[in-house]
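Each chain carries a letter (A, B, C, D, E and F) given by its place in the written order, and its residues are counted from 1.
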Amino acid sequence: MDLLASVFDLIITGLQKPTLGFLLGGMLIAALGSRLTIPDQVYKFIVFVLLMKVGLSGGMEIRNANLADLLLPAVFAVLIGVIIVLLGQLVLTRLPGIKPADALATAGLFGAVSASTFAAAMLHLDDVGMEYEAWVSALYPFMDIPALILAIVLARMANKKDPSKRNQKSVTVGYVIKDSLQGSALSALLLGLVLGLLTRPESVYDSFYEPMFRGLLSIMMLIMGIEAWQRLAELRRVAHWYAIYAVLAPIVHGLIAFGFGYVAHQVTGFSPGGVVLLSILAASSSDISGPPTLRAGIPSANPSAFIGASTSIGTPICIAIAIPLFTQLAIAVF
Amino acid sequence: MKHSAKLVSIVTEKVFEVEIIRLLEKAGVKGYTIFEGGGSGSFHHHHDNISPMIDGFRIVKIETIMSDATLAEQIAMSLVEEFFSEKPGVVSLSDVEVFRNQKF
Amino acid sequence: MDLLASVFDLIITGLQKPTLGFLLGGMLIAALGSRLTIPDQVYKFIVFVLLMKVGLSGGMEIRNANLADLLLPAVFAVLIGVIIVLLGQLVLTRLPGIKPADALATAGLFGAVSASTFAAAMLHLDDVGMEYEAWVSALYPFMDIPALILAIVLARMANKKDPSKRNQKSVTVGYVIKDSLQGSALSALLLGLVLGLLTRPESVYDSFYEPMFRGLLSIMMLIMGIEAWQRLAELRRVAHWYAIYAVLAPIVHGLIAFGFGYVAHQVTGFSPGGVVLLSILAASSSDISGPPTLRAGIPSANPSAFIGASTSIGTPICIAIAIPLFTQLAIAVF
Amino acid sequence: MKHSAKLVSIVTEKVFEVEIIRLLEKAGVKGYTIFEGGGSGSFHHHHDNISPMIDGFRIVKIETIMSDATLAEQIAMSLVEEFFSEKPGVVSLSDVEVFRNQKF
Amino acid sequence: MKHSAKLVSIVTEKVFEVEIIRLLEKAGVKGYTIFEGGGSGSFHHHHDNISPMIDGFRIVKIETIMSDATLAEQIAMSLVEEFFSEKPGVVSLSDVEVFRNQKF
Amino acid sequence: MDLLASVFDLIITGLQKPTLGFLLGGMLIAALGSRLTIPDQVYKFIVFVLLMKVGLSGGMEIRNANLADLLLPAVFAVLIGVIIVLLGQLVLTRLPGIKPADALATAGLFGAVSASTFAAAMLHLDDVGMEYEAWVSALYPFMDIPALILAIVLARMANKKDPSKRNQKSVTVGYVIKDSLQGSALSALLLGLVLGLLTRPESVYDSFYEPMFRGLLSIMMLIMGIEAWQRLAELRRVAHWYAIYAVLAPIVHGLIAFGFGYVAHQVTGFSPGGVVLLSILAASSSDISGPPTLRAGIPSANPSAFIGASTSIGTPICIAIAIPLFTQLAIAVF
């Protein structure tokens, strides 16, 4: 009885978190047909400020970090990205009514990383007072890029077997790496890391990027909520297996990463908060740069399927459930 | 002096813009104009003011005027056959009249 | 002599308020032909943040409010909206050179509410230190929507008598309610109210929405000043009765609402600041969502007339005169 | 293979966009593209970069290409007669050539 | 009733927009529509989404439909000869069909 | 040895300034082909807030300033603007492969003023703790407008000699003055000055414009860095003399202004910080309103030349070298 009550309490408290409130609020107003939208140029600005904040704080911390500590988590991040894509291919291609191209694009998107979900996780840890290595943000590309590359390469190999599509222009691995790093999200994050590492941005960080973080993230959550609802209509038109995959993927992927993080904790003293962030990198699915990269890399894949699964279901599940879940798990385990 | 020319209009997703521009420049077009918008077709919807998150999926229209009608048709045809076989987009041709023929 | 001096002092002090300063500054630079504009996506973002701030603060207060206290002011708000439209129809249709459709669209716009003028009034009360119920913002839709509906319904009835227009598609009452609530301004306000009521947004409110309020409102005022001047040119092309109506309406409507507010003060203890805010709801005329709703609902009405009257004259009069006037009145009366 | 088709261009205020799209979809068009802009006509001015406050009054152009010329003319005609009798807007038709006829 | 008319399309840099509108209005056009975009031609590149700093260098397209074909050609010709001799821009003419002829 | 070490120290410290860091960061990511861009509507908003901040602080200070103190610096500002253009014409038209129209447009752009570079200089002085008269911002138009006018008038006179171009529409001096003052940058600055002078904007200044300054300037620097790199490609297509001119011009122009400032210091007690700011007004080249004014005024000039020289080389040199250089010079001299 007590346990039930405490779980209920936890849910209520969770729903009262402004982050989740704005996300659900966005879904609600979209469901009610509201014409409220955050203009796309404002959206890009918000993404920029959030990622610059995450990057700067990471970079300022790496200055004093032991670089060797980064190594193991970075290797694990690559492994996790690869495992998610292979697992996704294994599962999705086996399901009825799912084209290989769509399966791989979806798996790739879930292997890649959502910067805004990651920012929400950082804020959550700040709020519950769990410490973490700010440089975990530097792991982002290590998981994101291999996942995207692998998905595109596997799709191309699948296509090669199909003679009618053999003359398609192939996208090289180098191209995908370059394209990912040049995307606006990764560029902003990496630039922030570099500026945080090499310059002394404390004054501008304390006067602008840090104070704006919470407010802009609330608007970002609203946008993601609106978007989640909008895409749901498209998702409904494709096989319902995507929805089931999207519900389970954040939990399963987060657990896999939690396991790797646990090892890193034992071996190099990776902090519990760091383990949670690594789990959220894995649990999240890309919402900004992943989709166009996959669109260009696997043009035959149906965006309604892969974006729908990720934006409409994967991301809300990740924010509403995976973030508090893995935080609680870390409290329980460590 | 008035000359007749062909206007090639290409409507597609922004994510393919760079590639198409490269094809057009290789084919020798002397200029082009690009507009952003939204649209709807057989692939999926492209709203013009919602969905800010995925900018690359917005619709763009690329217009290029060419004095050489045969070249214009050739470009349009090869785009449709090679480029747009599996990608969303529409190519159309129409007749226009221009001055200063050397510009096109 | 002393009185004159003190009135003069009041005017000077009023003109030095940044709110009014930015409004007049906007009119000035527009009059001088400046190309300075605030981009429309930025404008939408500013509107969103202002309304979210107003909504959140209202929602957080409703938590502790006695819901019964809201009832009477809400009923009064509906009544005021209806009275303004009927009064406007009565007066405007009697004037020479004014088409019924234009008269009703103008009356509807003045019955509806300007969120930004309302925000300016809240800031004014904060500055003079007069307390108010933050939930007055929740009265917005109770005045706005009935006014718009009534104007459109009356215009439709007028049209029915005109046989050439009988086959026009009719806009239903339900459509107008839905359309109003789905508009970006009301959506943001109501979303803020709900989030303020149901979640705990204090952290994001204190770190972002509250600190940004004054600055973004100053930019909003600048935009409204520019817009006021731009529309003046169009207003000049229509009957000058619109200008006279627009000068008097904010004062008359504000007085009507002040009377209702006085009653609510006597009956339920509605605060003096609340009475001022109710008066400004009435005195203001809609600038964001009203115009397109009326455009769709009464397409035969000339926007140069109704928007010109409201944006060019009604709003500046309301901010420059009605806000300080009704504040002084409240100080004198209560 | 090249086919001739009709391009229907509709210019109006954004506030009427949804309604027109609905009419087009009911009439059976297979796709359309939308661009935002500004303009000036007999009703009132629509500046393209000032007046941010009233977004719904911006100008939009809706273009749809149809292989069935008769249907295109019918749509254009009925829009002008029923929809634009009291609302601002302009409808025009022009000849274009397209490939992949089944798309239009 | 359907009427044939001429569509004059003028593509140039935004910095010249005001001046061209003034010329068009003096020449008696009854309406026009403006779209913003990007482009590339012989003068220099006009990207559609980079280079936010110099807004005046963006590309605009001004479209005006006129029922009087001779006037349309005259306007187009004089723009090319007088206005665009040293400035970037392209003028083209095409045939369209409209209804409500008095509007054009 | 010690001197070398201290110069080296100075460079390292300079590179760690966030202002310069963001500028170089922008160039870096553009060089790497990043698709990260700050949307143009956001850019316009940033420019507005920066200039409003600079204007407001200037205006609030003029209230207590002795107006006579402004006179001499204002006259000097005009002289400096004129000298820069004449010097530019003298030098550039003598170089091989440079058209007179291009030479004059380039000289005009370097005679005109960059508001964002000026803002960066103010922040630098704040950071090193050197005091200055905030009203120096009011000198901006006194240098900017005469430089633009002179360049356009000289270009027109050169054209008059060319019979094929005689029928070109002439742009009058009055038109250029009006066009400059109506530009978005000067409008915002002057509006800020007027509002700072005539109203009491302290509350909104302290709660918004001042706190946002450092953060928005960092983003502005990023944009300028991206832009600098983008334009470099175009600059390469024109005579390399432009590049050499652009490297030297900020230093030479700054020195000229420093000399005038020194005189003003002796005569009216113009502060050392004020002298530095006057030097930066001269050293900077216009990036927002100058280019379109010159485009319209000298349409035959090739924008790749004049904008390339200013944006790609002049501005980075001015921020990276001229600002610290003239600050050090002031420390050494005064």
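Assume a residue touches a chain if its C-beta (ideal position, glycine included) is under 8 Å from a C-beta of that chain, and two chains touch if they have at least 3 such contacts.
Computed from a predicted structure; not experimentally measured.
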Graph separation of chain B and chain F (steps between touching chains): 2
Chains touching both chain A and chain C: F
Far-end chain from chain E, centres as C-alpha averages: A
Furthest chain, CA centroid comparison against chain D: F
Distance between the centres, which are taken as Cα means, of chain F and chain C, whole angstrom: 42
Centre distance in Å when chain A and chain E are each reduced to the mean of their C-alpha atoms: 46
Residues of chain D whose C-beta touches two or more other chains: 35-36, 94-95
Contacts with 2+ other chains: residues of chain A: 37-42, 44, 211-212
Pairwise touch network: line, ring, star, complete, or other: other
Every chain pair in contact, whichever chains are involved: A-B, A-C, A-F, B-D, B-E, C-D, C-F, D-E, E-F
Residue ranges of chain C touching chain A (in the complex, touch as defined): 39-42, 44-45, 48, 178, 181-184, 187-188, 191, 194-195, 198-201, 203-204, 207-209, 211-212
Chain D-touching residues of chain E, taken from the complex the two chains share: 2, 5, 7, 21, 30-36, 60, 65, 94-100, 103
List of chain E residues in touch with chain F within their complex: 13, 15-16, 43-45, 49-57, 86-87
Interfacial residue positions of chain F with respect to chain E in the complex: 37-40, 42-44, 165, 168, 223-224, 226-227, 230, 234, 287-288, 291-292, 295-296, 299-300, 302-304, 307, 311
Complex interface listing, chain F residues touching chain A: 15-18, 20-22, 25, 28-29, 32-42, 127, 211-212, 214-216, 218-219, 222
